[in-house]
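Read from first to last, the chains carry the letters A, B and C; within each, the first residue is number 1.
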Amino acid sequence: MRQSTHVLSIRTSGRGLLEITREIRSWVADQRLTTGLLTVFCKHTSASLLIQENAAREVRSDLEAFFEQIAPEDPARYAHDDEGPDDMPAHLRTALTQVQLSIPVIEGEPALGTWQGIYLFEHRRRPHERQVVLHLLGE
Amino acid sequence: MRQSTHVLSIRTSGRGLLEITREIRSWVADQRLTTGLLTVFCKHTSASLLIQENAAREVRSDLEAFFEQIAPEDPARYAHDDEGPDDMPAHLRTALTQVQLSIPVIEGEPALGTWQGIYLFEHRRRPHERQVVLHLLGE
Amino acid sequence: MRQSTHVLSIRTSGRGLLEITREIRSWVADQRLTTGLLTVFCKHTSASLLIQENAAREVRSDLEAFFEQIAPEDPARYAHDDEGPDDMPAHLRTALTQVQLSIPVIEGEPALGTWQGIYLFEHRRRPHERQVVLHLLGE
């Protein structure tokens, strides 16, 4: 049994879902394990992770619109606005999704379903440099 | 230290919470580990996992009603409707819950609280065949 | 490769976010592992876990207010009220957040971002005794 870790640095282009499945699969393949557990961890409180459909583009735009509506940018609602009006909704959208995902690795690959992609969900308006930690344990 | 993996195939009967605690506990018991980490992973984007109260039936119906209200079936709201009006709300409800749970195993059993049950949350109207991957690591 | 487990008993003071980062970091440090995977698991259905900003106090009060608004205490909405009007909203707020977090351990410490703190989110009005299971695996 052995472990590997890696930090992916990802430049987002502002609010929205950015697929990172390929970068993650590629790193896992390089570790040459057959069976194990992959953990993906986002080191931020205004960006998060989501496994979602990787086919129809409309699923992503509907998801983005849903989170904008459920946790709106509306300064009147929030006491916290030190970093601008998009900061507190970013924390709420992070709370409603995930900062961590663990995925079994079987036959050398993350056991994702056919339609599942891993997305980094940027919640701030502007582009940010984000760090996603990968941890793999197995044999 | 050793690992086991297994895929549970579960036939849902349409929208709602389906308890799968017994199937999971039974597979864990068969692996005969004392201490470890169990990961449960749902390979779908329109069904998810939830740990919830396993006592009062009303908790489940209230949960189901809540998610139907917060992410409603309303074609006017969504661009994505290739697979019917219940598909996009299914993706949203999946995003708001989990596709993965990891539970420590202590003294041979998942360390669930007394009132915690593991549920597969089917978000589509019709019955579906769902695959839930189990991964156990420990000794 | 080795494992450790521990149960943190935490007395909450009623509804709200309680930071438990220090207790978790301290236990991890005592295990003297360099690289590994830490899992934090909350054994309850009316309290949950959240990684959130550990700087501005207003982020926490805005988060608390958001969850009170999105899953309100309103007996007319819920069939389940055996344990009082704050019980069903507690289950909903638990479903929308997490009962489990796994965090890679790198260079002996949980790989949290600078602004990330781990919080126990008490959803009941009254103080409760809560159990949070820690599991650490690594070397």
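In this text, a contact is a pair of C-beta atoms (placed from the backbone, for glycine too) under 8 Å apart; a residue touches a chain by one contact, two chains touch by 3 or more.
What you are looking at is a predicted structure, and each value in this text was computed from that prediction instead of being measured.
Novice: At the interface of chain A with chain B, does the proportion of residue numbers present on both copies reach over half, so same, or stay under half, so different?
Specialist: Different, since most residue numbers here occur in only one copy.
Novice: To test your reading of the model: what rotation angle superimposes chain B on chain C by C-alpha positions, in degrees to the nearest 5?
Specialist: A turn of 120 degrees brings the C-alpha atoms of chain B onto chain C.
Novice: With chain centres defined as C-alpha means, what is the inter-centre distance between chain A and chain B in Å?
Specialist: 20
Novice: Could you pull out the residues of chain C that touch at least 2 other chains?
Specialist: Touching at least two other chains: 1, 37, 70, 96, 98, 102, 137.
Novice: Name, in rising order, each residue of chain C that touches chain A in their complex.
Specialist: For chain C paired with chain A, touching residues are 1, 35-37, 50-53, 56, 58-59, 61-63, 66, 70, 96-98, 101-104, 106, 111-116, 137-139.
Novice: Which part of chain A faces chain C closely enough to touch in the complex?
Specialist: For this pair, the touching residues of chain A are 1, 3, 5, 37, 39, 41, 43-45, 70-71, 77-80, 82, 88, 91-92, 94-96, 98-100, 102, 131, 133-135, 137.
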